[in-house]
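By written order: A, B and C. Residues from 1 in each chain.
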Amino acid sequence: MDVLSILIDWSPYIIAGIAATLGLVLIALGIGVLLGLPMALGQVYGSRPVRWVIGIYVWFFRGLPILVLLFLFWFGIFPGLGLGDVPAFVVGAVVLGLRGAAYQSQIFRGAIQSISEGQMIAARSLGMSRSTAIRSVILPQAMRIALPGWSNEYPNMLTDSAVCYAIGVAELLTVTSRIVSQTYVTMPIFLAAAVIFIILNYGGLKLLHGLERRIEIPGFGSGAV
Amino acid sequence: MDQAVFIFDILLPALMQGLVITLQLIVFSAPFGLALGIGVATGRQYGGPILSRACKTFVLLIKGTPLLLLLFILYFGLPSIGITLSAFTASVIGFILCNGAYNSEYIRGALISVKDGQMIAAQALGMTRAQAIRNVIMPQALRRAIPGLSNEFIYLIKYSSLAYMITVVELSGAGKNVATKYFIYTETFMVVGIVYLVLVTITTVAVNILEKRVAVPGMSRTSAAQL
Amino acid sequence: MDRNDIVLRVEDIHKSFGDKEVLRGISFEVRRGETKVFIGPSGTGKSTLLRCINQLTIPDRGSVWLDGEEVTNSGARINYFRQKIGMVFQNYYLFDHLTAFKNVELALLRVRGMSKAEACEKALTELRQVGLEDWADHYPAELSGGQAQRVSIARALAMDPDVILFDEPTSALDPELTREVLEVMKRLAQQGMTMLVVTHEMGFARSVATEILFMENGVVAEQGTPDRLMHDPRFTRMKNFIGQFDSYWGD
């Protein structure tokens, strides 16, 4: 049986696998921003205990292999909390997200710290509160500076999402190995999967770089992190 | 079963065996990953159009493909075209390719950052291009690339766990086997995680020492955020 | 004059960058022990000329001869000629990752293939020659501009060159540091080193140069000994140019 007809026969599964992969990535990136940004603010502006707790969190989630984190949450923590029925997809997305938050918080932190002190002083001199100054002066600048670094989280997240294979999430790699075990056609199917991953990877990056250009401000150096 | 008995009498001895395999994976992969990174970066920066293009494509393909898929290709895929590798060998080759591709990006960035005058001065003394790259450009570039390269080394430690997915029972695999046998998951994987944290932390400290020892006044490191 | 005395012969060098012709036919000969000083407005190709001599820039036309052997079109042998033609750059270009001593030693080991002991002795001798043996273990970033430039002179000297090209060696230095570098160069000239110097230091040109070549628009417009240039009324263009540096020209 030739490769093309296999791919066509299995296309509904492949498409579902791609959707699951992208779903994992998008949800995890979302969780990463929602948690990573407050964590970054906490690390820059927070009290000592707050900084300490966030530091431990970051150290833990960046120090463990994604595979071990997935095993820990899938076999250990979720069932331990009585959440044994939560689907693998959700566990995968949550773990990728929690880990992504640790990485993203450091990107945001670097960006916030790169904003010159004069910005805060100027904002306060206008009578803004500290939190208003952060929200309306510091963050809009910091987010633009963070974007190029943040964009790189996308390919990392995409390739990491494949490890969710280990807990049985029906993402693209899982679908691929299922096709291989059913058809006994190995190399061409694996290579086709690699091509799909590469397209998703660089296609997504292109979109993100387009976004970077759209929010560019003249004379405001990006990549200054 | 008493938790202490489980951890000290059952888990840790099993993990030690796995740790040995993990360390072997790293020791066999890292030097070749560095060498590959240097080669690819040099080829891309100083090679002719064809070599440069080939190096660029290599990096693009490896970075675009999940490491786990790469391991599947090496271990499950290659036999179909007549190349059968042991799981350990397939893992090491996969790690070398991946580590080398990412290393090359840091080294290339560092090569670009070395000022043009260094090459000009070396050539003015009668060095060939290759001699200038080896004696003048690369020593400077590698120093500047240390933060990036050490990040990749730390990634290598962590991603070596993926070897378990192609049946190499290394640290994570050893933990998984114990956890499944005794139905003790959270504690087991926490301990496994701590072992990785120790490895990563030791590496971080060692890299800081290395960086200080090879530091040259006035040659500040490029500001790649650490880790 | 004995023709064997001619160390370096430059014939009809042309060089364009894009559609700008920087060098439009430069020819001259250098005898052993001579110091030729090139002056002229910036952008007239003086630095390009030096780089064409050791082929760091490849000229479009013309040839360069060292001791009767052709340097241009010499293929891989260019690295042999570059050992024989030393060069000192405006921004020193010391190897940033090596101490002053290792900067001098590196090419002795890797290019000339000296033994470690030989290279070490030679490097120290050259550093002593420029008065920096006490600074041997310092890195470039720890040296003043004047010291760095003297190390780069030692680095060039260590190769036992037949001729050294100086490309605006003091332009990046303030006056105090300029003097210490010029003194080293003056001593080299007195010791019989053959030198080609691109500079704006008119005092140096006048007191050290065997011949001054005034370059303008890619050609040697006027040339002669410092004395002739001072007293011969025909050299008007150079005098006008030098007028801007009057304070340096006086005794």
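Basically, contacts are C-beta pairs under 8 Å (C-beta built on N, C-alpha and C of every residue); 3 or more make two chains touch, one makes a residue touch a chain.
Since we're looking at a predicted model, the values are computed, not measured.
Chemist: Based on mean C-alpha positions, I'd like to know which chain lies farthest from chain B.
Modeler: Here the answer is chain C, farthest from chain B.
Chemist: Per the definition at the top, count C-beta pairs in contact and tell me whether B-C or A-B has more.
Modeler: Taking the two pairs in turn, the one with more contacts turns out to be A-B.
Chemist: When you take the mean of every protein CA atom shown, which chain's own CA mean is nearest to it?
Modeler: B
Chemist: What is the distance in Å between the mean C-alpha positions of chain A and chain C?
Modeler: 57
Chemist: Measuring centre to centre with CA averages, how many angstrom lie between chain B and chain C?
Modeler: Measuring from centre to centre gives 46 Å for this pair.
Chemist: Between chain A and chain B, what is the separation of their C-alpha centroids in Å?
Modeler: 21
Chemist: Can you list the chain B residues in contact with two or more other chains?
Modeler: none
Chemist: Mind pulling up the chain B residues that touch chain C in the complex?
Modeler: 115, 117-118, 120-128, 131, 135-136, 139-140, 143, 216-219
Chemist: For chain B, which residues count as touching chain A in their complex?
Modeler: Of all residues in chain B, those touching chain A are 60-61, 63-70, 72-73, 76-81, 158-162, 164-165, 172, 175-176, 179, 185-190, 192-193, 196-197, 200-201, 223, 225, 227.
Chemist: Which of the residues in chain C end up touching chain B in this complex?
Modeler: It comes out as residues 54, 56, 76, 79-83, 86-87, 89, 91, 93-97, 106-107, 110-111, 139-142, 152, 155-156, 159.
Chemist: Give the list of chain A residues in touch with chain B in this complex.
Modeler: It comes out as residues 59-60, 62-69, 71-72, 75-77, 79-80, 106-107, 110, 155, 158-163, 165-166, 173, 176-177, 180, 186-187, 190-191, 193-194, 197-198, 201-202, 225.
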